[in-house]
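Below, chain A partners chain B and then partners chain C, in two separate complexes.
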Partner chain A sequence: MWAYFKFELVQFFTNKKNIAIYVLLLFAALFYAIKIAPAYDPIEQVDADEIEARYLTRETFINDMAGKNLRFAHPSVRLALQIFNELNPLDLERLEALEKGDLQKYAATTSDWYYITNSYTHNSGSLFYNPRYYAYGSQYADDDAYYAYLETGKRYEEFAKADYELSINLFEQRTAWQTIERLMTGVLPIVLIVCALLLAVDVVTKDRLHPTLLKGFPIADWKKLLVKGFVAFVGSLVLFVPLAVGFLIIGVQFGFGHLDIPVPQYIVDYKVQQKQGIFTVISLGAFLGQCIQLLLLWFMAIIAIVLLCSVVLRNEVINLGIGLVIIFAEYFYFSRGIGFLWDIEKYPTSYIQIGQVVSKIRNFYYNSDAMAAQLGMKLLAIYIVVMLVITLGISLNKRFKLVK
Partner chain B sequence: MIELQNIKLSFGDKKVLNDISETFHQGEVIGLVAPNGTGKSTLMNVMMNYAAPNSGKVLFKNGLAYSSKANEVKIHQLISMMPDQSDLYNHLSGRDHLKIYCTMWKSNPKLIDTTIEALNMGHYVNKKAGTYSLGMRQRLCFAMQIVANTEIMLMDEVMNGLDPINVEIISGMLMQKKAEGKMIIIASHLLDNLEKYADRLFLFKDGKLMDVNDIIEGFSENTMTTVRVKNMSDNVKVAFQERYPKLAVQTLVNDMTLLTLDKKDAETLGSMTAHLAELGVNDFTFGKVTLNDLYAIYYG
Partner chain C sequence: MIQALKVGLKIELTNRKNLFLLFIVALITVGMMFYIESQSAGNQIVEKTGDFYSAQAALTKFQVIDASDDGDGSDLYKSLNKQKIAVALQIAALKMQNSKMYYETSIEIAELRAKAFDMEEYDKVASLMPSRIKNTLNHMYFSHLLKAEQEMTPNLLQYFPFLLFFFSIVGAGWYVFISFYTSSILLEDFEHSSLIKGYPIRFDQYIFTKCVTYFLYIIGFIVVVFACAVPLIFINGAGDASYPIAVYVGQPAIYSTIHYVALSISYMIIIAIFAMLLSIILNVLLKNMYLTLFVQSILFFLPEVFPSMISFMPYSPFNFLNFNKILSGYPLELAAPVDITMTTGLIILLICIALMMLVIKTFFSTGKIART
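Up next, the complex of A and B:
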């Protein structure tokens, strides 16, 4: 079996298609690290000019209104004065903290600023969050901004308690580890899972090009399939190597950050929300740990379906098609709030947005209490076992031929 | 040992293997001879369990049969089939291929270098197989099976694309393997060569496996029973048959006419040659019926 593993491993890593995938991923990682990451423009950023402009405008308004009889003023004027009087001291403190380089104080004040701003804005009907949330077609801009403000507030609240060195890059999530966190809640998991699918797609069917050389090997078909699956899994792990290059480049530019950085996690239990707010925090290390577990299970799940399709349908294009349908299946039923009506947490395909599942923003989107990374892992594990049992069962049939 | 028990296999209406029963033993070289598409490769595929017979079974030592996947693995440790040269990995070197077969069958790694030397492959074995000529690829395929070193070796068209020197080298290695107690089953169209080293020869006809000794009695014995006449005219044939009415006269597709006695008879042979000379025929030879002759008789 060891000999067959070595043989398959050599085949896998000398396969031109597989080499092309690694090279393309390396180019993508380099492009991201050199061009896209430096141009990252977060909505919630540390912008002293913006704070100052807002502060001065509001201060002028406060000064203009000072000493005036507001009895007959429009209610919005009184509301504006109330808000500005509450927020302007915070903005001033933020500016002073930035000027002095006291980032801990900046974090504490900014956290308050976000909470207070949100308390006035949420469901107000007349006030709005940062205008950048209201992009064209953004149907749920208010909800997204509400989530983002409270999440950012929680993040700054934790930064205020930090016993490690703070930086603007850390606040704006530009460090290497935080970039991984951002990517994990974005497209990276799907990119990696699609890459794993592309790597695995011909792991069985490629043998048909060398039938007389391979089919006499004194090793059982089920063992061959397990070895092929394991090799595809090892090959999928190697996908992290090109990413590591990008990680290092980002780290050199913006610092690496560290794994104790807080990551807000949405609280799904309404009763707990009443007591604690809508966010708790986990460390970035714990966040990435759960992401990696889910990601590796997804690799295995995709490889398992490829193995099954390979022994049943024997065509890599069909393998690719079925794999893509599974990866993108969630797009067919995803709809904001649908979790309230459907048990979407019971579908393994609901756990494809790995970072969003772990941060639980997916629960927020789906309006689902039951969706959880651990449940996703269990479902994927069951799915993998079922796929493998069926595949190995087929391969144990006396009439089955792995290579025809 | 391989025992074929009533092997039947049909593709549609065509009976490719029709109730074949035969036993082959260790230390034997078995030659399978037939035109293309008559079932030689199919029989080998059945022996390897690449093709399942409609009925019958293949038995190996200790009664092993392809009754389960586990047994198949055990049998494939005993038997190997020479790979087809078109199936080689073009991006791997010849030595890589040999290592694969050596490690898969857990044979002695020293066999790799000794085989490379014996087959004179040293000058190309470290280059990628994609750069090899037909003959080089064929030698590599043969070497792979030698390196696997299984007890039973099946070789389909082993001499394809080889020059006469390499045919001799491989023939020598086959004899060596036979001496080591290996059973070698060869399908080949190089009939003269096959006849030299095969212990038993079989022809295929209508899905049946026919031992040449059953077709022509004493084929394997070196008895002179045949006069072979090149381009014998019809008049001479008629005149000859009038004189020897009991003699078998058969003209092959290559215009070779065989005048065959049913047993060794020096006196009759002498008179036949004298009569041929009287008829003005001087281009003839004595000997036994060769495999080439038999092939032409049987399939011509």
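Up next, the complex of A and C:
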């Protein structure tokens, strides 16, 4: 068994295709760390010029209106005055805090600023969030901005209580750990799962090239399959090595951050929302921990389906096709708010956007109450077990041959 | 050679992989219908509401002042205000199902925007507005609809509108799909090289028979798309086969649905031959299905991810593989616009095909096929 494991492992890591995947991923990580990460331009950034411009315009308006009789003024003038009088002191405090470098105070006032701005803007019909949310053709800009403002507000609220050192990079989520967090809610999970699929796809079918060699191992077929699956899983874990290189480069540029950084998590329950706002906080460590659990389960799920397809259909292209269909299945039915009508939380494929599932923004998009990382883990685990049982069941059949 | 063709066909017809891919094409076609349903794609009211918000957001970048014609606001500010009014009217016309008014307001918006492009400070709102070429195409499209007195907004789940929708986005995936399909075109036979030696034909003839069998399947994929859409005729009706679509072919033009679909199919076939020949060359050079697939995908995705590469090398054949993008005038929207059309693309692709054939004929016809 051990000898067979070593044999498979060596074959796996000398496979031209697998080496190519690691190298390509390394290039992608380097490219991201050197080119894309420094160009990251978040909508909610720490921009003293922007605050100052807004502050000065509003201050002029307040001064112009001072002492005037507003009884017959347009109601929007009164509304504007009310808003400006409330927000301008905050903007001034933010500017002063930035100048003095008192980031704790900046975080506290910025948090208030976001909450108050949102309370005036949300569903107002005449006021707008940061114009960068309203790109041409974005239908859900208002919703997204609402979410982002409250999330940013929550982030700063937590930063204000911080007992660790704050920095602008930390505020703008540029540090290495926070970059991982952003990537996890973005494209990284799908990239990694597709890589795992590509790594695993020929783990059984390659044997037909050397059928005689394998007869030297007197091991039952089901054991062989398990070893192969395990080797593919180990290979998938190695995918993190090229990523680590990118991580180190980003860390050197912008600082590493640490795992106690707060990550806002959307509260799904309507009743709890009314009591404590729409966000609660978990630590970045807990966030990434859950992400990794889901990710590893996804690796196993993909390997399990590849094993089953290899046993039943015996064709690499079919393995690849079915794997891709499973990974991208959600794109066919994903639609904002559809969770209210369909029980999308019951399909394992709905949990492919791992970071979004854990931060629960996916619940916000789907408008689903029941979707949760734990449920996703359970579903994936059941799915893996079922796949493996079927696969092993087939391979225990006496007429079954791993290699024809 | 005919004999070899027959044998090859027999092998490929029963190949599980090919049947599976036919199934995948059917799945994607049917999946697309679900996608239209769930995304409410083509729902103009939703899309125009987005337009309204864009105009509204663009206005927030300006100080609120008198926007009447003799007011002291800038020209752009006045134009944006007029656009916003027009979009509101457009949405109202949509809700009332008043097609004539809808077309007229749409044309008015396009005219307002066309004038706005040259105004001062346009950069400030550029991200919130459609590009110049898109605007010109819109103008032409709605003018045509108004003249032809077409009915408003076709139901995308009718036969011809669905085909138009399908073939107007298929370019994004077609090349990748074909490179996926052809990535192991020679490799399966390399595994049994003694089998090939059994055919009493030359290597180039053998490659030719391979290409023919694969080509038949590629035609099959396209046929499957049409076949899978047939149920729509019975559910929602066939729809209008002459419904227009605006395209850019050196100059803005209006094509009918049938014309556009036919054009797409011819591009798809040329692109498929291109991908197939490239696969053959890469197969012989790299002797690995996945490396072939990686190289093909990277060549395709580089200009997609880095659009500046299109400006840098406008005549690279890989710019033309996503033909829908070229037809929509995308190269003109780039930071450094280049005027390339699918006609140029077709010539370049054909030249490349000829070159690759030459390469295969001269270098790969020795008949020595190494085992992987």
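The rule is short, and it goes like this: the second predicted complex is superposed on the first by the 402 of 404 C-alpha atoms of A that agree within 3 Å, B and C clash if a C-alpha of one lies under 4 Å from a C-alpha of the other, contacts with A are read in each partner's own complex, and residues count from 1 in each chain.
We take it that a residue touches a chain if its C-beta (ideal position, glycine included) is under 8 Å from a C-beta of that chain, and two chains touch if they have at least 3 such contacts.
These figures come from a predicted structure and were not determined experimentally.
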Fit-or-clash call for chain B and chain C when the two complexes are aligned on chain A: fit
Per the overlay, which chain contacts more chain A residues, chain B or chain C? C
Could you tell me if A:K271 is touching chain B, chain C, both of them or neither one (first, second, both, neither)? neither
In the overlay, answer first, second, both or neither for which of chain B and chain C A:A141 touches. second
Kindly classify A:V317 by the partners it touches after superposition: chain B alone (first), chain C alone (second), both, or neither? second
Mind working out whether A:F334 is in touch with chain B, chain C, both or neither, as first, second, both or neither? second
Output check: A:Y4 vs chain B and chain C. Expected answer is one of first, second, both, neither. What do you get? first
After the superposition on A, what does A:P211 contact: first (chain B), second (chain C), both or neither? first
Shortest span in Å between Cα atoms of chain B and of chain C, once chain A is used as the common reference: 8
Contact residues common to both interfaces of chain A (with chain B and with chain C): 209
Please give the residue numbers of chain A that touch chain B in the complex, ascending. 3-4, 6-7, 10-11, 14, 209-222, 395-401
Taking the complex as given, what residues does chain B use to touch chain A? 48, 50, 52, 66-70, 72-74, 76-77, 79-84, 87-89, 91-92, 96-97, 100, 103-106, 144
Residues of chain C that touch chain A when the two form their complex: 16-17, 20-21, 24, 27, 31, 34-35, 38-40, 46-47, 49-51, 53-54, 56-58, 60-61, 63, 127-130, 180-181, 183-184, 191, 288-291, 294, 372
Partner chain C, residues of chain A touching it in the complex: 16-17, 20, 24, 57, 128, 131-139, 141-142, 198, 202, 208-209, 313-318, 320-321, 325, 331-335, 338
